[in-house]
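Okay, got some structures for you below.
Paired with chain B in one complex and with chain C in the other, chain A is shared by the two complexes that follow.
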Partner chain A sequence: MLVALILLWALLSTMSDLVASPAESLSALMDRFADGSIYRHLNATMQAVAIGFLIAAAVGFPLGYAIGRSKFLGAVFDPLVAGAFAIPRVIFFPILLQIFGVGVGAQSAMAALAAVFPIMVSTTAGVRAINPLLPKLARSLSLSPLQTVTKIYVPAMAPSLMVGIRIGFSIAFINVIIAEFFAARAGLGLLALRAYGMLDLPTMYGIIVLLAAIALIGNLALWAVERRLGNKQL
Partner chain B sequence: MNVLTKPALGQPKRKFADLQRASMVRWAIIVALVAVLELTTRTGMISQSLMVPPSVILAELASIVPTEQFGQDAARTLTTILTAFSIGLVLGVPLGVFLWRVPAAGRILEPFIVTGYAMPTLLFYPVLLAVMGLNAGPIIVIAASMSLIPIALTTMVALNAIRPILHKLANSVSASPQQYYLKVLFPAATPLIFPGVKLGFIYAVIGTVAMEFILASQGVGFRAGFYYRELNTADMWAYIAVVIVLSVLVNSVLTWLEKRIRRDML
Partner chain C sequence: MSHISPIDSVGHDSDVVFDNIGMTFGTGTGSTQAVANVSGAIPEGKFVSVVGPSGCGKSTLLDMVGGLLKPTQGTVSINGETVTGPRKDTAMVFQEDSTLHWRTVLDNVAFGLEVKGLPKTERYESARRMIELVGLSGFEDHRPGQLSGGMKQRVAIARALAMEPRVLLMDEPFGALDQQTRQFIGRELLHIWEKTRNRVLFITHDIQEAVYLSDEVWVMSARPSVVKEVVTIDLPRPRPEGTHSLPRFRELEDHLWALVKVEAEKTLGPGARLA
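For the complex of A and B:
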């Protein structure tokens, strides 16, 4: 499949001037690595994704858990969360730019804002899908609230927590890139769009391949963990 | 997302009262939020260069909506969304059927589709810009690819979830392939496919507005970014409000439709 994609790319590049060939793009990318100019951008992007994702997880998991546990909170917040989920959250990026200034702060905030809703949604769904026997078990063993959460809920919800982590990671990643396309000091998205502006197409294709590779590998790794957890459950 | 969750059963009457109370609290939260924003921006606790009071946004909206420019932007955004969604639907459903008919293909493609669910197809926006130029084309391609994936995935899941007896029934009345698809599979799968279609439409909206926001020549999302760069906070907020209203509206209409379609689900 991957080989087929690369062949298709090579074929397209022979037909159109607007598509740089795979070899050219990779060597342009390698040049960037060789002269070290890419590390600053790579660093900025990964930092923003990591910070944003951690904030989203720190906020999203407890909130999603609370909404899932309580029927009343669920009835109040479900439509709000669904509505917020439907809004293209990038549209709030200008405001974040004004608050945080152009830089990693704004990118991280964007990632956090975007990733928090999917994480909440999947956590809520996970709490609701828990076998009702398990909370009863916890009560009959007279576990403390903390023990109930760490020993019963978290293990039982592990698969859906992983879904939240995977989707949250992807969304955080995408939104950092979009935010960098729009305005940034450093970052791979900025670099790609700058290359487009300068019609340096090989570099642009190279960076996009790098981004796609990061996203694909991160996703596949998390997906593999998710499937293993899912198998253990059954 | 939660395609297969069943609604909890409870005493209908109490449940109704609870729901009413919940929706009252929900509206109270929204109203309070707007009031707090109005108050903090009016008193200057939040600088007006950052956020203008909601009442000003409303006034700004009233002056923007009748203009020709707004008409053009809105028309451009809506046609882009609808085109992208139609493409997603027209390609996504057959793709789902194909994945269901040929399980081997499903297994090979699954990692790509699952990662594609969240995979930034929009990473390729600069590529499409380079190839297709700065017009609605690249946006349609990306928004369509984003909306296609949930539709294809739920179509596959829905067809797999059809009760085997329906296949036997179709066989025993010797239905033609056409009848089999149109009269048996399609009606049986629709309630299960619909959440995917809903998600597909929402993704089409998100994809369109987000792409317009990054780089475009026209459209509601573009205008919000444009006014940011012009430091025109009031107009920027007005367009952000347009986007919020549009997406919440789309979500409510689809949720309502979903309830109606799923009500007569088997």
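For the complex of A and C:
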């Protein structure tokens, strides 16, 4: 599959001057690594993804859990969350720029804002899918509130938590790149767009390949963890 | 205090004692009285079943002994101590599957002991004993997803037994199983119980099951429910296969049926027909 894609890419590059060949792109990318100029951008992007994801997780997991467990919160937040899903989060980016200024802060905030929803939704669904007897069992065995969470809720919800983490990571990554396309001081998205502006096609294609590779590897790793958990649960 | 409680007439301090308990859910005009004025005792080493029409508060009764519900009237006491919350010396088995799907059978059975803080070797040792007792040897490393419904219930029973409870509370534990599995596992429960002899409070819809297993069957009335009659099951123990066809078994079963039928008709309204 991957080989076929690269072959197709190579074929296209021979037919058009607007497509850099895989070899050119790779060497342009290597040059960027060799002279160290890429690290600033790579760091900016990864930092924004990490900060954004962590904020989304710190807000999304507890909030999703609370919405799932409380009837009242469920009644209040379910329609809000469902409605908010229809709004493209990226339209708020200009406001985030106003607040945080151009930089990693705005990128991170964008990622957090976007990733918090899938994390919250899958956590809520996970709590609601828990066998209602398990809390009763926990009470009858006199589990402490902490034990109830760590020994019952978290393991019972592990698959949906992992889905939340995986989707949250993807969404955070996507939104950081989109945000970098709009306005950024550093970042791989910015770098790709700059290369486009300067018609430095090998670099542009090289960065795109790098981004795709990061997304793919990150997602596959999380997916593998998810599957292992799933197997354990059967 | 010179107050003479019905405990004196119905049981000893070491028993599980229901002292005129009642349970009302909700308040004001929307309230329902589920249980009214139940008194009785489960003596040491006795197997007591509770039968009665659907919704008569059988499970409520059990939850009150388990400390999951507080009676709105009267008290439940075990060994002379009023039950105020879940206790270490009671253990529950529920009707539906309550196994922890991410744990192996061994870790499921050891779960209660783990929560209690028992070291790994000790809890595994007693979990293995219980697994053998319920006939699941060889399945220690399986996960509940790989087991049948009947086997999962055995895991839940083993988990409860591992706690070495003075009182075993079983809320229609075989209710979700098919008839064949149900009879088979009922026989096994009896074998196990004959070895452990803890007190059992067993809720069931199945009158035959109640007669076969119990020393006493309490018949609950329709809501607000009271114990309408305590039927002593005077069949000799151990009860081998074939007990079901003893004339005395039939007599007891018919008698209980008649009692339950009257109550069920009250719940379902006049003219309701039962099988």
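Note that in this section the second predicted complex is superposed on the first by the 234 of 234 C-alpha atoms of A that agree within 3 Å, B and C clash if a C-alpha of one lies under 4 Å from a C-alpha of the other, contacts with A are read in each partner's own complex, and residues count from 1 in each chain.
Heads up, the rule we're going with is that contacts are C-beta pairs under 8 Å (C-beta built on N, C-alpha and C of every residue); 3 or more make two chains touch, one makes a residue touch a chain.
Note that the coordinates shown come from a computational prediction; the quantities given were computed from them, not determined experimentally.
Enquirer: For A:91 in the superposed arrangement: first (chain B), second (chain C), both or neither?
Expert: first
Enquirer: Between chain B and chain C, point out the one touching more chain A residues.
Expert: B
Enquirer: Per the contact definition in the header, classify A:14: touching chain B only (first), chain C only (second), both, or neither.
Expert: neither
Enquirer: A:158 contacts which: chain B (first), chain C (second), both, neither?
Expert: The answer is second: A:158 touches chain C but not chain B.
Enquirer: Contact-wise, after the overlay, does A:140 reach chain B, chain C, both or neither (first, second, both, neither)?
Expert: Touch status of A:140: second partner only.
Enquirer: Just which bits of chain A does chain B share with chain C as contact spots?
Expert: No residue sits in both footprints.
Enquirer: Where on chain B does chain A make contact in their complex?
Expert: 1-2, 5, 18-19, 21-23, 25-26, 29-30, 49-51, 108-109, 111-112, 114-115, 117-120, 122-127, 129-131, 202, 205-206, 209-210, 213-215, 221, 224-225, 228, 236, 240, 243-244, 247-248, 250-252, 255
Enquirer: In the complex, go through chain A and note every residue touching chain C.
Expert: Residue positions touching the partner: 131, 133-134, 136-137, 139-143, 147, 151-152, 155-156, 158, 232-234.
Enquirer: Touching chain A in the complex: which residues of chain C?
Expert: Checking each residue of chain C against chain A gives 66-68, 85-88, 90-92, 94, 96-98, 100-103, 111-112, 115, 143-146, 163.
Enquirer: Taking the touch rule as given, give the residues of chain A at its contact with chain B in the complex, in rising order.
Expert: Residue positions touching the partner: 1, 16, 18-19, 71-72, 75-77, 79-80, 82-83, 85-88, 90-95, 97-99, 121-122, 125, 128-129, 166-167, 170-171, 173-174, 177-178, 181-182, 192-193, 195-196, 201, 204-205, 208, 211-212, 215-216, 219-220, 223.
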